[in-house]
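Note that chain A is present in both complexes that follow, paired respectively with chain B and with chain C.
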Partner chain A sequence: MSEAAIEVRGLTRFFGGKCAVDQASFCVPRGSVFALLGRNGSGKSTMTRMLLGLLEPTRGSATVLGEDCRNLSPATRGRIGYVAEGHPLIGWMRVRDLESFQRSFYRQWDGRLFQAVIDHFGLDRKAKAGNLSRGQRAGLSLALVLAARPELLVMDDPSMGLDPVARRTLLEAMILVTRDAGHTIFFTSHVLDDVERVADHVAILDRSVLRVSAPVEVFRQRVRRWALNFAGPAPSAGDIPGLLEARRDGQSLRLTIANPSPQTERSLSELGALGIEEQPLSLEDAVVAYLGDRGQRQSLLQQTQEAGVL
Partner chain B sequence: MRAIIIKELRENLLWAVLLLIAVSAAMAFAVHAGARRRPVLVSETMEMISAVAFPVAGLAIGLLQILQEHRGGRWAFLVHRPFSRRRIFMAKVIAGLALYGLATMPPLLAVIGWVATPGHVAAPFDIHMVLPRLADLLGGLLWYATGLLVAARQARWIGSRLMPLGFTLLVTVFAWVLPLSFWEAALFLAAGFGVIFPAALTAFDAGGVFERQPALTRFLQGLSVGTGIALAVGVAAAMLAGAIDWIHPTDDWQYQSYRISSDGQPVKDIDGRYGQIRGADVNGRPVVKAEREDDYISITSVPLQGLPTEQSDWAERRRAEGLHNDMAYAYSVEFGTSAAWYYVAPRRTIKGFDEVSRRFIGSVGPNGFAPSTEEPQPFPEPLVSGMRDFASRTSVFHIDFKRREIQFLLRTTSNDPVIAVPVTFNTGKRGERVLSALLTRSTIYIFDGATELFRLPLEHSFPQYQALEIAQIRDGRFIFHYTNGTSTDLPQRDWLVEADADGHIIRRVELPPLTGFPRHDSPWVEAGVKSAISPFLLVLGTVLTEKYNYLAFIMAAVMGIVSAAFTFWLSRRYAMGRSASLLWTIFNLFAGIPGVLTLLSVRQLPAHVVCPHCGKRRVVTRDLCEHCAAPFSMPTLEGIEIFEMV
Partner chain C sequence: MPFELTILPGSGSPIFRQIIDQVRLAVATGRLAPGDPLPSVRAAAERLLVNPNTVAKAYGELTRDGVIESQPGRGLFVAQPRQIYTKAERLRRLMPLADALVHEGVSLGFASNEILEFLEQRLARMNLPEPARRKTP
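Presenting the complex of A and B:
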């Protein structure tokens, strides 16, 4: 059995003349919780839909649980749980109807787990899916997927639009799955706090191009932040290799850099700062540095002050 | 599968009930419009309603079943499960058929039950009358499959999405117009279903992506889309031709015919675009057009090709016995005597119904009247009803429905069969007696009521001559005009035979040929329209009709070559393989503009990017550049990449 639950090789998708995913390659290890991050329109949903055979790749290939994503067999699809973006359900069906509908397709249906999850979300079995709140719909989607005992759980932005309580509940349910050894979760998200809580691998899609695919610890080690203080106004950061973000704020300059090396430290010292201090960097800050506009930026406060707005 | 069937039934039940109400209302209207006197099942209104209602119901259910799955991301919820898409599709179809049955069967069965119950309609009911409605019901299934295909294939609504409807429309029209029997219609519809259904199945299976489907169903889908496009192009070209003709009218067409003046002289009438322009006598001398209709005699035309029921020609038989022709079932032969009498073609019986009680009162057969308690007597041969008389292959007779008597006018043999139902004609003087003419293969019989006045040999026959026109002018002479008609290209000239009141031939005149048959379009426009639809069809039509038109051949060749060249260029843009490129190019050499549009409709043009190696634009769908075989370069590295593969 392959060690990778998902293996992606040069996967590319064009919509007309626009490239949504550009030659992405990565592996999702079995048993991992893999978060695919990116801004709106960066290609996360496109990637997810290609992996599940819902969208035809323009080029490249991917295997999911050892099968070509273009031709997933029904048996393999039965091993993959999928929570789509926005938690689409059949609106006119009641919770119990949806359970009965879904159960008829899965031999290994776990009714107790389904009940546990819907209880967790406070769902009434008689409620119509179309009348549920977003959080309840997310819970119902998750219950329908989890009760099928999937080996691989694929979720496309599951916490989108959920309030903090619903998000927390969803996270707990996700963690429930990973208790079973060998089960894998692949999810996309905007909510970096959630990622930090559950993910052990992270990938970042930046404007259709995959820039990161690594274990979270490796990612955190290889993205670092320094604060530099100057006697006068902070200078331009110049051409520092791996520079993700440079933020000037009066006499201070804060730099977020990927893949730092001895060359990086030399470049920093050449800026002539009075003091150079490495600052702790949260996963959220590191990811935001990737997803923001690359290069130098002033703080919004300084920008408005210089423009005479304030 | 059961779960999906139940889901589909519950999801679309409301729509099916709404359609049921609509179909029921339409059928109730058809019954009401029949005034409870005519055979309702084969009435014109019922024909029209069932021809529209069943297809609409089928199409709506097919569309709804697929389109609903594309709302709010439900497609993924439906198809991502341990169940093949084909089985999901089949489950949908099973439910769809049940819903279609629910929407259409109850009203149809109710109407059949109602008209079959004695006392409801003063007209006969025969089980054969159900067949055209059954064919329409089957036609609805073809439209159902088309609804599935239209909704399942990936295309833009304003683009080619609706084009398969054109194919289905064409098959439906053929299945309506051409078949002689229910089984022929079923075969037509089954052939159409055989094209549409597999295309819909694989379109659903492939998520609508054309390239992912098997070659056979790609062909079937292309065929359905291409037919629709050819129809659309044809309509557009015809409208363009009409506009051109309107802007630049061609005034060279004219319509010529012979009319007989009240003194028995043939006058050539010539009508042009701007009305009648001149007349001429047989010697070509211009004559002033008579202002009063009385100056011409009213002439009766008798077709010479034989009784419709005796035709070996398929088109003619269809006219008499076609599936959707009410004459093939039952038609009224007598009204207004407090009883309505119908000839029931499949049973060869004439049945009478009381207008008030609407109940069967008896039948008329070769041996006379039989009361309702007796089994109706069938005639040995199929009948054709005339104005006052009836004809079969070997007999002509008159029925007096008031007295309920049958009177034979003529009995002949199968070697000299009756070729036309008796027709009446005027004697040239108003209010005087009305004579009738009766034709066998060899003889013209002239009758006054039941008395034979005289007989003459039939001098010309079909197919050289299409019709015999008969009239009696004021001085008592009879005129017999053998004519080709005006819509044929037959070389024979018209003949005029004059006979005196006793049937002695006075003279025979060969009339000058008629020229200048109607030509409504300029040859350029006509050839342009036809070659726009398909160069192949134009050439085929030209060869089959033997109307060789070199202009059409040239236009077809130009259109075919331009289309093929454009297709070859397009195939490069698509970066097709050599065999695919060759196939499309050859196909479009014959298919022309519709073929090119079909290619653009079914296959999505891939995006192009500039190849950094050769600088040419390359398709994004291939791993290697089609010009220089270079692979795609990886995205530019920015030094921020972190890849730690497991």
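Presenting the complex of A and C:
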């Protein structure tokens, strides 16, 4: 059995002349909880759909549970669970009908787990899917996927639009999956506090380009932030390698830098600051630094102030 | 009150580091005594709602440092205090932190006696068990 649940090599997809995913390569280790992060429209859903064989790649390839994603066999599909964006369900079907429909596609079915999840969301087996709230729809689609005990669980933005209680249950469901040794979760999300809780690997797609793929702790160690104070107006950050974000505010300059080296520290000291202090960075800060516009950057608040708006 | 781990996502400190710091502090202040049990990796992960690998990583570091020990078939327990590091190694680990404190204190304009007073206050707040009878190998 291969060590990778998913292996992606140079995967590329164009829609007309527009590139949605540009030569992405990464590996999702078996047994990991892997979060794919990125802004809206960065290519996360396109990537996810290619991996499941729902969308043909323009170039490159991906192996999912050992098979080419373009030709996944029914047997392999039966080992993958997919929660699509927005939890779409067949509206006229009742909860119990959806269960029997879904279980017909899978070799194994854990009816007790299905019941436990729908009970947790307060779902009636006789309710029609079309009449459920968004949180209940999320609960039902989770139940439909978890009950097959998939070796690979793929979820596209599962927490979108969920209230805090439903989101908590989603986290519980993800932790539950980790009880099955070797089972893998690949998901996309914008809720970084939740990502920090459950993910052990992160990847970042920025405008179609994969910028990072690393264990969470490695990623956090590689993105660092320094605050510099100057006697007069802070200078421009200049040409520091790996600079992700620079914020100037009067006499202070705050720099967020990827993969700092001894050379970075020398460059920082050459800026002539009175004091240099490293600041702790949350996972969200680090991800935002990656996803923002490169280099010099002002917040909306500063920009409106200087422009005299508001 | 029994010792209970808590974590706060979104902070500058990674979750595995938060777990390590809490267990170390609880042991140092006597809230956890030698022989006290700790929840298993799985139980702690499910209670905290975090990836079990994160808890395993924290427990691994605590075990390596001799703070907790695993008793096969019984679980994880707070270890008898013993110094697994030589005095030289402990000094090597402490000195950079002491330097950082002194440099920052001086550059912020505190006098030596103020820095010492402040340290004593912080130590008093930790309620260290008496006597600190740790042997140095």
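What we mean here is this: the second predicted complex is superposed on the first by the 304 of 310 C-alpha atoms of A that agree within 3 Å, B and C clash if a C-alpha of one lies under 4 Å from a C-alpha of the other, contacts with A are read in each partner's own complex, and residues count from 1 in each chain.
One rule holds in what follows: contacts are C-beta pairs under 8 Å (C-beta built on N, C-alpha and C of every residue); 3 or more make two chains touch, one makes a residue touch a chain.
From a predicted model like this one, the values you see are computed outputs, not experimental measurements.
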I'd like to know which partner A:L37 touches here: chain B for first, chain C for second, both or neither. neither
Touched chain A residues, chain B compared with chain C: B
Per the contact definition in the header, classify A:L65: touching chain B only (first), chain C only (second), both, or neither. neither
Just checking: does A:N259 make contact with chain B only, chain C only, both, or neither of them? Give me first, second, both or neither. first
Now for A:G17: first (chain B), second (chain C), both, or neither, which partner does it touch? first
Check the residue A:L123 against both partner chains and state whether it touches chain B (first), chain C (second), both, or neither. neither
Now for A:G78: first (chain B), second (chain C), both, or neither, which partner does it touch? first
If you stack the two complexes on chain A, which partner ends up touching A:W92: first (chain B), second (chain C), both, or neither? first
Residues of chain A that lie at the interface with chain B and also at the interface with chain C: none
In the complex, chain C residues that touch chain A: 9-16, 42, 45-46, 48-54, 57, 107
Spell out the part of chain B that touches chain A in their complex, as residue ranges. 2-3, 7, 10-11, 72-77, 79-84, 207, 209, 211-212, 606-608, 620-623, 632, 634-635, 638-646
Applying the document's contact rule, which stretches of chain A touch chain C when the two form their complex? 33, 168, 171-172, 175, 178-179, 192-194, 196-200, 216-217, 220, 275, 279-284
Interface with chain B, chain A side, in the complex: residues 3-4, 12, 14, 16-19, 22-23, 26-27, 29, 32, 49, 52, 54-56, 58-59, 70, 74-75, 77-78, 80, 82, 84-86, 88-90, 92-93, 100-102, 104-106, 201, 209, 211-215, 218-219, 222-223, 241-244, 258-259, 290, 294
